[in-house]
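Two complexes, one shared chain (subunit A), two partners (subunit B, subunit C).
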Partner chain A sequence: MSKIKGQNFRLLQNAAAIPEATNCSITLQGNSEDTSTKDTEGLFTQETIVSTQWSAQVDTYQSETSALRSIISTFIAAQPVAVSWDQTAGAQNRVVQNANFKRSGNALLNDFTMTFNDRETVQLSLQFQGTGALS
Partner chain B sequence: MSLKTDIIFVRALRSNDELMEQLPAGDVYNTTIAMPEQDAENAPLPYIIVTYDGMQNLDTDKDSPFEGDTDRVQIGIEVASESRPQLATLTEQIRTTVREFFENLDSSDEDYDLVPLDVDFSAQAVQYDEWKPCYWQVLQYQCDTNPD
Partner chain C sequence: MQKGQYIRLLLSTTANPSTVIAAAKQMALHGSAQTEDSSTKDTTGDALEYEVTGQSYDITGSGLVLTPNDTLLTGAVGLNDFETWVKDQLLYWRICVMEGTNNRTVVEEIAHGQGKLTNLQISAPNKQNATYNYTLNGYGAIVPGTDE
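Moving on to the complex of A and B:
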């Protein structure tokens, strides 16, 4: 069995890999509520998931001014964009593999941080908040 | 271009005629004009040697499974002189020459791509070689460059 490397997991925005990424993560969260039923004779509560939410984050270097402009425009537009999370390979490690664990959905660019240090490369941190289901 | 970074330092030093005239050899020693081992003791003072002291690759990201897009190169400039005042004068001249050459090189120059994106400068303590005899010091440049 081949081992999968973190290098080859990428976050894609509108089906294109977010360039120069160094780190990406996806978070799934279930919101539960406590219920008490007669099954437990009233002694204990049971937790039931009543809703789910998901978010994704990616850290990147950015050396292209067009990419910076695109991100700011996306944020100001405040419209959901198509986000997916997939395995990649090939040229610049950006060719999506449509792996069986691929997940995609629509998400708002909820927050972003641009870091302009004295000497370092420009760094970006993007946080997407899922709107609707992750399929 | 990171494997050629020493070349731009040699060119920078050669651009200063006043500095070159002080060197009996008329040129700086470097990887292409090596000072022969047997001549080290007889090399007339003062002399300057530019050395390529290695590099490491930085800034890996998911675009590049193997190498990142920045190389950090170490360049050494060894200066030897009979007297401390002359050594101090030479090191100041070298430092100023290199800085001004990098700042003023025209972007249309064929060697422009060799100019480091960023430089950190440091220098070792002045040392005395009682066998030659001479005072000597190594100026160290840590250069961030493009690998290509």
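Moving on to the complex of A and C:
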């Protein structure tokens, strides 16, 4: 069995790995519609995927205040940014592998939380709402 | 790694506040965008296309309740100020990196803006410090700080 460790999957924004990440995830969603009709026998629904959407989320520690300002600027701009998800290796796990798992698309930064707690490292949580297809 | 105690919220009823919240424990800035599916019959494929139609943010935090004559309250914001401000009072805020004695000297600004205190809760559990939690809802845009 050849397992892939979580540290070898990274979320990239504009082709650069989002630094100091501790966790990231990507979610694909198919929005379904019950297409059962009076012709359908029995009580069960018949779901049909009518549209798809995706989102990505990343949690990081953050040591650079310039990066915090950049996040705020990206949020205010309200414009799509290039987001990708890839298998990585090498120094700081920043060498993208363009592996079978690579996914990329455009997304809006639609939610962020910066946490500044006493005696704790600054933490940042970002959520991207995909716009258009994920390739 | 940047530590949370060096990043503080400064609050005032006047612009460019220089007064920190005394005895603060926690603080978070949370931005949220309302998005709307803007795909139409002209859109190729099944994937939805979104656009941002609104933005909002809030700042939440907590701190310890100090006695009114505590020296840490000199030139700082405390519970009395919060109680005064939980109304339709427009406040100016800054989030800054701080240093020096009691972490009161501004090094650089991360962001600033305006907001209103919409929630204040005071908790006084037995055998524990009395604390307060607050929520400040953003009024208008967040403005990122500029590079030094």
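By our rule, the second predicted complex is superposed on the first by the 125 of 135 C-alpha atoms of A that agree within 3 Å, B and C clash if a C-alpha of one lies under 4 Å from a C-alpha of the other, contacts with A are read in each partner's own complex, and residues count from 1 in each chain.
In the analysis below, a contact is a pair of C-beta atoms (placed from the backbone, for glycine too) under 8 Å apart; a residue touches a chain by one contact, two chains touch by 3 or more.
Owing to the predicted nature of the structure, the values given are computational and were not obtained by experimental measurement.
Once both complexes are superposed on subunit A, the partners subunit B and subunit C fit side by side without clashing. Residue contacts after overlaying the shared chain place A:Ile4 against neither subunit B nor subunit C. Look at A:Arg94: by the touch rule set out above, it reaches subunit B but stays clear of subunit C. Looking at the superposed arrangement, the partner reaching more residues of subunit A, out of subunit B and subunit C, is C. Applying the stated contact rule after C-alpha superposition, one finds that A:Ala82 touches neither subunit B nor subunit C.
Once the two complexes are laid over each other on the shared chain, residue contacts for A:Thr22 go to subunit B alone; subunit C is not touched. In the superposition on chain A, contact is made by A:Tyr61 with both subunit B and subunit C. Touch criterion met: A:Thr121 reaches subunit B and subunit C at once. For the pair subunit B and subunit C, the minimum alpha-carbon spacing after aligning on chain A is 7 Å. Once the two complexes are overlaid on chain A, the subunit A residues touched by subunit B in the first and by subunit C in the second are 20, 61, 63, 119, 121. The touching residues of subunit A, counted against subunit B in their complex, run 7-8, 10, 17, 19-22, 24, 60-61, 63, 88, 92-94, 119, 121. Touching subunit A in their complex are the following residues of subunit B: 59-65, 69-70, 118, 144. Contact residues on subunit C toward subunit A in their complex (touch as defined above): 1-5, 7-8, 24-33, 35, 39, 45-52, 55, 95, 97, 108, 110-111, 141-142, 144-147. Interface residues of subunit A, counted against subunit C in their complex, comprise 20, 31, 49-54, 61-66, 68-70, 72-73, 75-76, 78, 108-122, 129-134.
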